[in-house]
Amino acid sequence: MSDKIIPLEKAIADHIQDRDEVALEGFTHLIPFAAGHEIIRQQKKDLTLIRMTPDLIYDQMIGMGMAKKLVFSWGGNPGVGSLHRLRDSIENGFPHTIEIEEHSHADISSAYVAGASGLPFTVLRGYTGTDLAKQNPEYVKWIECPFTGEKLAATPAFTPNVTVIHAQQADRKGNVKLWGIIGVQKEAAMAAKKIIVTVEEIVDSFEDGDVNATIIPHWLVTAISEVPGGSKPSYAMGYYKRNNEFYKQWDEISQDRDRFHEWMDTYVTKVENFNEHLQKLEVNNG
Amino acid sequence: MSDKIIPLEKAIADHIQDRDEVALEGFTHLIPFAAGHEIIRQQKKDLTLIRMTPDLIYDQMIGMGMAKKLVFSWGGNPGVGSLHRLRDSIENGFPHTIEIEEHSHADISSAYVAGASGLPFTVLRGYTGTDLAKQNPEYVKWIECPFTGEKLAATPAFTPNVTVIHAQQADRKGNVKLWGIIGVQKEAAMAAKKIIVTVEEIVDSFEDGDVNATIIPHWLVTAISEVPGGSKPSYAMGYYKRNNEFYKQWDEISQDRDRFHEWMDTYVTKVENFNEHLQKLEVNNG
Amino acid sequence: MADYTKDEMMTITAANKLKDGMVCFVGIGLPSAACNLARLTHAPNAVLIYESGTIETKPDVLPLSIGDGELAETASHVISVPEVFKYWLQAGKVDAGFLGGAQIDKFGNINSTVIGDYNNPKVRLPGAGGAPEIASNAKQTLVVMRHSKRAFVDKVDFITSTGYLNGGSEREELGIKGEGPAVIITDLGILKPDPETKEFYLESIHPDVTVDEVRENTGWELKIAEELETTPEPSAEYLGILRDLNERTALAHSG
Amino acid sequence: MADYTKDEMMTITAANKLKDGMVCFVGIGLPSAACNLARLTHAPNAVLIYESGTIETKPDVLPLSIGDGELAETASHVISVPEVFKYWLQAGKVDAGFLGGAQIDKFGNINSTVIGDYNNPKVRLPGAGGAPEIASNAKQTLVVMRHSKRAFVDKVDFITSTGYLNGGSEREELGIKGEGPAVIITDLGILKPDPETKEFYLESIHPDVTVDEVRENTGWELKIAEELETTPEPSAEYLGILRDLNERTALAHSG
């Protein structure tokens, strides 16, 4: 068994520092909630949080005051509405005002590709005429194609200190395999200096057959932790479905500051680990 | 059954014109030999042939006078030595001198990605200090990262008129699936205006399970032809192995102009189709 | 047959704008309902692509999020997010992008970022997501939004997704590849851009809606087509299929 | 124990330069033999990557081409060619690139393009392939080539892959990320670059080879290390494993 396979508590304690640039990726699917909760429990501070879709996990982390800055492209509760803790921080400075760096999906996904490719910037046909470009002249520049003269947007590569992802499986050597909606996880991982992975299960070896499956190889991975259910209330294809009902409930829970803190206390900060969180949720919500 | 599934003769006749820029891709694996032979039989002329590794198929096409220009990055007989027909054209102008446009693998693969991405150029960290860059100032330019000031190479995107690939399977709707060493086929196909595909077999539908498999979807494909063994003497993972022995024999066959033409007559121009080619090879070589 | 809601009228009218065989980049919510309704009726070969990388997906129920398991399980195949934005959207392989937003102005510029000042917003909206590049790189965009004075404004507070900017040929001159918003479908009518000025005017009005009602709900002085059409009523067939879809969806998401 | 060929000596010496756990970008021919021998002996955890996109491959026989089925079947996984060049090589995730070539000069520049003038070549060689970016983006490169006056020249006819250019700090000043050729292993000895001038000198000589023999086969005035080492003889174990590998390979490719 690889010595990179360690408990999540240790993975987060050893490899995420205050003030780090941290990307927790997973596009609706495989969102690393367990890792996010552990970061909250360990009270990591002044983080720059990168994520295309902050989703509930960053709403929780921002609400609990972990973030100095948010880098994102779409900050809503998918299909439901607002992320109230994010809005409360931006609109009312509660618990404090976070710095905002805002992109488009096309840009962030391309910026991860550039980071993974060892390039300092990426080129995209986008942003033309938008106020996002005007608002952010320090990271949307315009360059000319040296062959056609076409003007295109250039934006800086993303190279997080740590990328955290959740995957379906790791084998005993520490190779990580994911499938279904794979989002930007491979690129975000390859772009990062360190990679922390939680998985549904550790298997002896992957099933044969698909040589082209998406795999992060063991020597690139910094730490792996087995956390069954580790992406709930999001989902893991082949393991469990998305808890759409909870996404709707979150709208209410998060609207009120007190109710939010009570919920976080009960289900996150005062539990031992993610497994206890899941058990408690199940008991209290039937 | 999709009406895009047509005989190879018709696919080549209808969709490749004289003077086209044509890319036949497949990195050692799944090289579209059947399509190449059909292009020779139909005497398409003045083609610009694009391919990372010209391999035996372009040696044959160049030797038979199909090419006006060759765009490539490594022009040898892998593990064996030279491509003698290619060399005879460049060194001695036989059957005529072809124009050469020479890149590196990193560049061409990146140029296909740019073409597939709808961008006019690509950026890579490469070529610095090389004579390839000095030799080709019209397609290796230097640009500055607008954020770091780093100097990087910029090269034009590839957008062939037609990309031809060989794949393991197509389904009846015309979706194409390939696996194993996938090379640059997806990018070369997505970058092209037309896509011609030969496949080992047409199946009712792909086996379930792998949602992330490499697929070119049916509405992008221009024509599909079922040609079992269509990439021999290269190979198709799951169907047959590479004929390494033939790659070695080619060294001798191709060294002599007369012997080359005799071989081409016997096995390519005077056979009806690729199936007859394979049968004849088998009979004569036991 | 007049027994339908305004939202149903809007969704069915939007669905009718999608032609069979079109490759469509679909946003969540109203666009998703319209696209799937089209697929279940007159456009069985429409190709639906969601930005989660699900290609030619055929969900049985409407997804709540843009990356529900339902989308992956019913897709022909699933690719990465960088790939869907580069190889598909940016490469011009999307015929139509369906968009919504919080605000749209008379030149079809869309705001989904902030109400008020960017640095001191009254309301912070979710932000850009895939919209700016859908708006600029899809061959055309179709907009679906509920009509209201708050949403249909003279000038958006923030241009998240480029329409025709200040109108005329400004969009074209900037070299944007996609043609821009071809139509805005609302719960009151259908708006189209003037070929010259690119200002959106009322081309068609839904049954039982008055021109005054549309004007009252529009934040600019809305021009009316000389020969104003009346949008056809939804057929019983489309209504039935849409209601079944919504019912299945509600059931699936309640669990 | 003196019963070994010059090629065997070269391959085993090259193999010994590969440390366990290294991520190695492997070219066909001599580099491939050396890397696989290392993997079968002291470096079982070396990660071999071929430019065909085969990652952590463990071929039982040496591949004839860079994309043999054997490589795909024994790999941990297989990625696309753009990905191997971008996410691996260009991103600095390759510790060592093993290269060969037709010519190399005293500053480690490699030619695999043409002998003679580019536009009117005496000999047209296969060309660049992956070499230029291996030479510039791998953390270091190791070169394996048979010693001869034709191959070891004062100045290469064409710089396909950048070594130290004209020596000194020129390579560094151009901003090339990889450190450059760390060593040239030949069938006669081992050459290393002078830390200042970057000119390659003879650091070690293989058993039973004379300095004169090396000089005669080198096209520049080769400097000799003050304390010239003698390369250790190959062990019986390594020889046995290499010969088994070559035998399996010959058998596999004959059929």
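Here the chain labels run A, B, C and D in written order, and each chain numbers its own residues starting at 1.
In this section, contacts are C-beta pairs under 8 Å (C-beta built on N, C-alpha and C of every residue); 3 or more make two chains touch, one makes a residue touch a chain.
Please read all numbers here as calculations on a predicted model, not as lab measurements.
Asker: Counting C-beta pairs in contact, does B-C beat A-C or the other way around?
Answerer: A-C
Asker: If you average the CA atoms of chain A and of chain B, how many Å lie between those two points?
Answerer: So the centre of chain A lies 40 Å away from the centre of chain B.
Asker: Could you put a whole-Å number on the gap between the CA centroids of chain C and chain D?
Answerer: Roughly 57 Å, centre to centre.
Asker: Indicate the whole-number Å distance between the mean C-alpha point of chain A and the mean C-alpha point of chain C.
Answerer: Their C-alpha centroids are separated by 28 Å.
Asker: Considering chain A alone, which of its residues make contact with at least two other chains?
Answerer: Residues 113, 118-119, 124-125, 150, 180, 182, 187, 211-213 of chain A touch two or more partner chains.
Asker: Spell out, as numbers or ranges, the residues of chain D touching 2 or more other chains.
Answerer: 72-73, 78-79, 86, 90, 137, 177
Asker: Can you identify all of the chain pairs that touch?
Answerer: According to the stated criterion, the contacting chain pairs are A-B, A-C, A-D, B-C, B-D.
Asker: Note which residues of chain A are touching chain D in the complex, please.
Answerer: Spelled out, the residues of chain A in touch with chain D are 113, 116-119, 175, 187, 190, 211-213, 215, 217, 219-220.
Asker: Which residues of chain D touch chain B in the complex?
Answerer: Residues 28-29, 51-54, 63-69, 71-73, 78-82, 85-86, 89-90, 113, 118, 121-133, 136-137, 158-162, 165, 170-171, 174-177, 252-255.
Asker: Show me the residue ranges of chain A that touch chain B in the complex, using the header's touch definition.
Answerer: Those in contact with chain B are residues 118-121, 123-125, 139, 141, 143, 145-148, 150, 152, 154, 156, 179-180, 182, 209-214.
Asker: Can you name the residues of chain D that touch chain A in the complex?
Answerer: Going through chain D, the ones touching chain A are 21, 23, 47, 55-56, 72-73, 75-79, 86-87, 90-93, 137, 177.
Asker: Write out the stretch or stretches of chain A touching chain C in their complex.
Answerer: 27-29, 52-53, 72-76, 78-80, 82-83, 86-87, 90-91, 102-106, 109-110, 112-113, 124-132, 135, 150-151, 180-184, 186-187, 235, 237, 241-242, 244-245, 247-248
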